[in-house]
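In what follows, a structure is listed as structure tokens, so that the remarks can point back to it.
Read from first to last, the chains carry the letters A, B, C and D; within each, the first residue is number 1.
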Amino acid sequence: MSKDYNVIAGRSVERLAALSDDVFAVAMTLLVLDLKGPASALIHSEAELADALIGVAPHLLVYLMSFLLLGIFWVGQQTQLNHLARSDRGLSWIHLAFLFFVSLVPFTTGLMADYLHYRLALGIYWLNILALGAVLYWALCHSQTHQLVDGEFGDAHSLAIRRRILSAQALYALGAALCFIDTVVSLGFILLVQISYAMGLGLSRRART
Amino acid sequence: MSKDYNVIAGRSVERLAALSDDVFAVAMTLLVLDLKGPASALIHSEAELADALIGVAPHLLVYLMSFLLLGIFWVGQQTQLNHLARSDRGLSWIHLAFLFFVSLVPFTTGLMADYLHYRLALGIYWLNILALGAVLYWALCHSQTHQLVDGEFGDAHSLAIRRRILSAQALYALGAALCFIDTVVSLGFILLVQISYAMGLGLSRRART
Amino acid sequence: MSKDYNVIAGRSVERLAALSDDVFAVAMTLLVLDLKGPASALIHSEAELADALIGVAPHLLVYLMSFLLLGIFWVGQQTQLNHLARSDRGLSWIHLAFLFFVSLVPFTTGLMADYLHYRLALGIYWLNILALGAVLYWALCHSQTHQLVDGEFGDAHSLAIRRRILSAQALYALGAALCFIDTVVSLGFILLVQISYAMGLGLSRRART
Amino acid sequence: MSKDYNVIAGRSVERLAALSDDVFAVAMTLLVLDLKGPASALIHSEAELADALIGVAPHLLVYLMSFLLLGIFWVGQQTQLNHLARSDRGLSWIHLAFLFFVSLVPFTTGLMADYLHYRLALGIYWLNILALGAVLYWALCHSQTHQLVDGEFGDAHSLAIRRRILSAQALYALGAALCFIDTVVSLGFILLVQISYAMGLGLSRRART
């Protein structure tokens, strides 16, 4: 393996961002393939269709949760990428690892949707979230150690992102632990955490002033 | 949750646009997976193939409608995004919500294709359109309240977009209401509205001069 | 419908290009979903696997043809988009129509793969190609009539693109007509035309000097 | 075919990069469709679910390998594209050929996952890797012969990339040859090679100082 190759490889932040957006978009949209309407042969009235769609509702909820999850990590990743002056091969691979776990979300979500009452399914879903957070944390460390961040990005930014990742992961871990009470309680808690992060809207408004 | 994080998160209009384009593209193209040719074992002549394809035609029409719908909202969203000087975390999440409803279009469309004569299926399709319009309206309000728009974007622009969203949604609501007469009439009306918006071509030509 | 809206809508060439790349990419890649290996329960030896894969070969060929087709039209579209100074709402919709026919390629290709010996399937495939060419031609006319092209783009460029579209379409039409002899001859001819366009490599080399 | 057309066609490096990112993203994410949880009707306890998921594990491993493979070639391709000053029609088509083989990865991977113990499946997977390397090597030669590279790109860069492609392909070929001992050994070896390339992290760190 040539050292030279590693120096010239993987330097474009722009293409890393583009690939990431693409993977997120496909992962976000593929999930909808899991939403299947009922087979039309089985439906003979509006009431039967309504009943059948109520059966689809849990899947829609799970889809929403995953979309939220992907949204949270998309915002999290772009916040880091926006402050990169350049990339290197190592960082490209860390983000590729991140995208690997992003691409697993439709699978782990589908599993959880099919096995709502199984702790194993919830545990796998949580491991996916954990991996996303851990790799994003690693990306931050790598980009700081290797001085890839831009001039604007100071210690306050770094601290804010680290705190954010760690506190979110703590809450997800707590939510996952609730599965020892009940997997639906666990899922509900995780959903609340996700919604509150997406709702950061209000906070963000205050923070601007 | 750190205020700092919310201040630095979600600021890139460019990446928001890129993610949006990706989600639209996947949603537009996934719909085609619903177009399935007949199973070849059942077909023994050109006439039988023609018959089978005539059975596919309603699905093609529905696909066209959804493509039109996605096209209309893609143009609508990019019109707003083009006039953003910057984004914030709140706006990113509003657009993520928009993309969530974009990603549902293949599902709600597929449902309508399978249950053309059920008001419930049409109602869900309409709710999807309504949600798309409402979230886009919300995005406009948010970007103005938070001064995210660029210098070129004045009150006339804002008014034009608002009027456009409201008048279109009024027509879609009217179309949806027609389902109490007949769902096919309802669908036909919505299709005509969509085509007339896409055909804005002529108007646009005059408007330029 | 507000005139103002039509004036401010659909002006970004960049986002049109991004959406187009996305739709092409998904269409190019979705086709591979049609390539299915044999069910593993049916295979008990290398020889049986080889036999089964020989059965997949025609689909691979068809996939290659469609990839070629999408590649040809992607190059064709980007050649036009690269020379746009700006876009308008009309042009956005013409390109959306183009993308609609792009997104149909996996369907029409799949149909042809399943019904290789049916003229109807070949006819539909050819209509798809015809629509792609016609809409691209329309896009060129529109962008010239509305002065959307950049300063570099002169009459020689326009003529070159027009000649290229018309001659290619004439050859595709000839190829399609060959289906009255045999659909496989027809397909083979279209494939040769496509390969010779992709092979423009050699010509391009000479043209540069 | 007009020479003029070939001169003006396919010149945008940016759009080539965008299309490539899109195709990679879809190919990376489509692979996850092959990961299917067990049918819920068959599962009645956590233990049964665990058993069923252990059955999914080989597919996950294969998915990881393919993701690695796509990652390696994505980094490889962007390293070249980042150093292009411009493109031409020939180079566009070489990269389209590259993307064709990229889009085949989900198919050849799925085949290998289904027929882990068949040399034919492994051989096809290896041919896919070989084609990716060969086309990328061809792209490098073409871009140098036609002076499409930027000023920064010197002979040292070219040599580094060539050496990298050739040494990697030599190792993959060796790995593929191991299938005459055992296909699983062969796969394991290829996986180790891929991981060591992705792990180039450490080397890259040293190379920077």
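FYI, a residue touches a chain if its C-beta (ideal position, glycine included) is under 8 Å from a C-beta of that chain, and two chains touch if they have at least 3 such contacts.
Predicted model only: the values in this text are computed from it and were never measured.
Note on connectivity: the fewest chain-to-chain touch steps from subunit A to subunit D number 1. If you lay the C-alpha trace of subunit A over that of subunit B, the rotation comes to 90 degrees, to the nearest 5.
When each chain is reduced to the average of its Cα atoms, A sits farthest from subunit C.
In a homomeric contact, the two copies may use the same or different surfaces; for subunit B and subunit C, under half of the interface residue numbers are shared, pointing to different surfaces. Annotation: 24 Å between the Cα-based centres of subunit C and subunit D. We define each chain's centre as the mean of its Cα atoms; on that basis subunit A and subunit C are separated by 35 Å.
Residue positions of subunit C with contacts to 2 or more other chains are 18, 22, 25-26, 30, 33.
By the touch rule above, subunit A contacts subunit B in their complex via residues 17-18, 21-22, 24-26, 28-33, 35, 37, 40, 43, 46, 49-50, 53, 64, 67, 71, 74-76, 78-79, 81-83, 156-157, 159-161, 163-164, 167, 196-198, 200-201, 203-208. Those residues of subunit C that touch subunit B in the shared complex are 1-12, 15, 18-19, 22-23, 25-27, 30, 33, 88-90, 92-93, 96, 99-100, 103-104, 106-107, 110-111, 114-115, 118-121, 124, 146.
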